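The structure appears below as structure tokens.
Labels for the chains are A, B and C, by order of writing; each one numbers its residues from 1.
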Amino acid sequence: MVEEIGKTVEGDLIINVGPQHPATHGVLHLVLTLNGETIKKVEPHLGYIHRSIEKMCESLSYRQFIYSTSRMDYLSAHINNHACALCVEKGLGIEVPARAQVIRVLMDELTRIASHELWWGAMAMDLGAFTPFFHAFRERETINDIMEETCGARLTMNYNVPGGVMADLHPNFQERVKNFLKLYKLKIHEYDELVTGNIIFQNRMKGVGYLSKEDAISYGVTGPAARGSGVSSDIRKLYPYEIYKQLEFDEILETEGDSFARYMVRLREMNESIKIIEQLIDNIPDGDFQAKTKAVLKLPKGEFYQRVETARGELGVYIVSEGGTTPYRIKFRSPGFSNLSALDHMARGGKIGDLVATMGTLDLVIPDIDR
Amino acid sequence: MFSLESITTIVQNWLTKTFSPNLALFFEFVIVGVLAIALFAALGLVLVLMERKVAAWIQIRLGPNRVGPKGILQSLADTVKLIMKEGLTPDGSDKFLFNLAPFIVMMVAMLALAPIGFSKGFHIWDINIGVLYVSAISSVSVIGILMAGWASNNKYSLLGAMRSGAQMVSYELSVGLCILSIIVLTGSLSLNDIVLSQQNGWWLFKGHIPAIISFVIFIIAVTAETNRAPFDLSEAESELTAGFHTEYSGMKFALFFLAEYINIFIVCAIGATLFLGGWMPFHLGTWEGFNHIMDYIPSFIWFFGKTFFLIFVIMWFRWTFPRLRVDQLLNLEWKYLLPISMVNLVIMTLVAIQGWHF
Amino acid sequence: MIELIIWKTDYTYMSKEEIKTAISELLPTAVFDETGEWLNVQIEAGEWKDAALKLRSLAGLSFNFLFCLTCVDWKTHFTMVYHLRATASLDDIVVKVKLDREKPEIATVSDIWRTAELLEREVYDLFGVIFLEHPDLRRLLLTDDWVGYPLRKDYEDPINMIKL
């Protein structure tokens, strides 16, 4: 039986999961080869939401292209924009004012919490529990409201510009974030009571979708998925950008490498983000929210690479500049794409239910994969 | 005191007086049939609305609140919509079996209704092997589901149907053994006798710990047998989109949907009858005054109250628990529930022989 | 109030020189370029597979994490760009391989870094670079019957307008 896994033989059941399927959360198309309920092979078919953002960016200016990246990983849109802004700033050598740095990091962490909240609800829904989704949205809505007030949008914020942020914080910002922190601390124990401690949930997750440390590195898995396998991969710690160097927070590591470890990493990461917000919310320095930049940005000839830690892992922005007003070539190293490549390895030999659990803990966002 | 028994007696007397015995019997059939269908329709509407309201309550939202006052007409509007919809039959399906399957599932649900005593002296058919009849009939519904899954010519449906088949066949054993442990105490298979034997207290309380154990196992097993979450593997929308009824639409889908709710009602009614005394009021030993007050509450309110309480518990499960995996589901039955309920049955027999129960 | 410092660009934990010495012993034919943020290593297309194996198994500085794989169309030639990281010491290098534009062929590294399997398929899809001995070289994002390679600079598609 085991040696057959990976090969397709006559009589195997081949199932199309997606492009429209409740568990893929988007237009991901997986072709499963099954022996009864046991998965022999998972083959991803991508491109249903491919917009060729990389090609589009080649004809957009350095100010414009940032906004198209909101549409990649729409759940951590702010962090995507942040990466692009940082990359352009690196090319131009702009010094970002302290206030803008703090605002950016605050927004990053709020986005990360919002993204993890959504993941938590969707993960539980994949496993058949509907209620957590609504409980997660209760907290997530408050974050979205904060975003709406300051950035003017709830999901695709477009708040970062090269040199800082687009506008100053809303006067209510600090108060509302503090209210959110209060609400979060009041409700976070429900997450453990409702889902984490549930015996059915633990049975579904423990030992499922195992990914060893070596495989995680070889498959290029990053973010919470890699940290569940014991790979230290938090860019905020390894290659600190902005003010992360001065902040106190832990990189969450689990060594089991199964779905439950990845689940716990994400859940505990939210608490770390809360820690960061608590350190910053009363310490927002005065000053400019944006550095003075030229109207038309021209990056010098060369190559610039900037990576940040999004909610899903390492996002890299690789800009090749020829000295013009538009990038010559842009490549986005999206975390979802690499994480997806490990799915086949992780799901083989498991049941269909295991595939859903594994896919849930990888937290795939399809526009991020297809770009 | 208001009682449904008096109404049935009046109707019965009037019919036998007015018509010849055969014609009277025929009219009784018609009345029973109409009432059964009416009950079905009403239960479907009420249970669907109840599910949505319970779900909304658990999920901190409001639930349906636009159609009619407080949304009580929502399920009626849904039914109208489903009737208007086109019932598609996919190409390559076995058309006869595909169209037959929902009706088989529905008929099974209807048949199982016969021996249930809704109120004192108010049941369709007081058959002396009532419990056996219900377990026999309810196991037929797996055929309807397998038929639906096979005839759809869809791999999701097939997987769902196979899961459902394995699941229902296994969990029937536990249900049967739990029912048997009460039969051991009553010594009768008739549901009416079982209710009457709980005159001085419900079996849940009279039967010591073995009765409580078998009640818990019964609730778990019937949740699985009716394919409800956390055992809804045959539908498992995040894995198999909609399982065995993926290809069904319109009224044919509605029949599956309705049958699921009727099945819940039936198993909860059986549970209420066996463990919670059916339509028998709550009596406490020798407190005559208290017992007298309890007797004033009409017996059908007792029956529906207990049944709906159990239905609420099962809905509570659904909106709280994640789903099991298919191998864990079968492990749970064959490695835990079945051995426990077998041992439990032996202990219960000992209790019954020695007369240790109250 | 916490102290804030200005954002820095030098992340590497070993100096470029040290990495350069380590690698130049291994790959004598490689050409180095130190102008960018990281050490750039130029390798001939024919030697790439061999070099990749060596980089992967370099003692003490094993570049075991391929975190970015892409291609740049320079109109006269293609350049394959491999961003590698040694997860033990957190050092990064960039490997560049020049490819002939008429006949872009390079050995696959999907057996060395398994993440490359999908990434190479993406590059094949969008640039038309052929990866020799790739286990499953098919179009990934575009449909199987797509004509042309969209990320090439000479690609024109009048139907799906991409120029703004």
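We take it that a contact is a pair of C-beta atoms (placed from the backbone, for glycine too) under 8 Å apart; a residue touches a chain by one contact, two chains touch by 3 or more.
Note that the coordinates shown come from a computational prediction; the quantities given were computed from them, not determined experimentally.
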Next item on the list: Sort the chain contact graph into one of these: line, ring, star, complete or other.
Entry: line
Next item on the list: Identify the chain pair with more contacting C-beta pairs: A-B or A-C.
Entry: A-C
Margin query: Distance between chain B and chain C based on Cα centroids, please, to the nearest Å.
Written below: 63
Next item on the list: Could you please state the distance in Å, as a whole number, between where the Cα atoms of chain A are centred and where those of chain B are centred?
Entry: 45
Note to self: Averaging over Cα atoms per chain, report the distance between chain A and chain C in Å.
What the structure shows: 23
Check: Counting only residues that touch at least 2 other chains, which ones in chain A make the list?
Finding: none
Notebook entry, point to check: In their shared complex, at which residues does chain C touch chain A?
Noted result: 1-7, 9, 11, 35-38, 64-68, 70, 72-73, 81, 83, 87, 90, 94, 113-115, 117-119, 122, 126, 140-143, 150-151, 162-164
Next item on the list: Provide the residue numbers of chain A that touch chain B in the complex, in ascending order.
Entry: 13, 15, 21-23, 37, 124-131, 133-135, 138, 194-195, 198, 200-201, 203-204, 351-354, 356
Item checked: Residues of chain B that touch chain A when the two form their complex -> 55, 58-61, 155-156, 159, 163, 229-230, 232, 236-241, 319-328
Check: Quick one: in the complex, what on chain A touches chain C?
Finding: 44, 46-47, 50, 52, 54-56, 59-60, 86, 89-90, 95-96, 98, 101-102, 215, 217-222, 231-233, 238-239, 241-243, 245-247, 279, 283, 285, 302-305, 307, 314, 316, 318, 320, 328-329, 331, 333, 337-338, 340-342, 345, 370
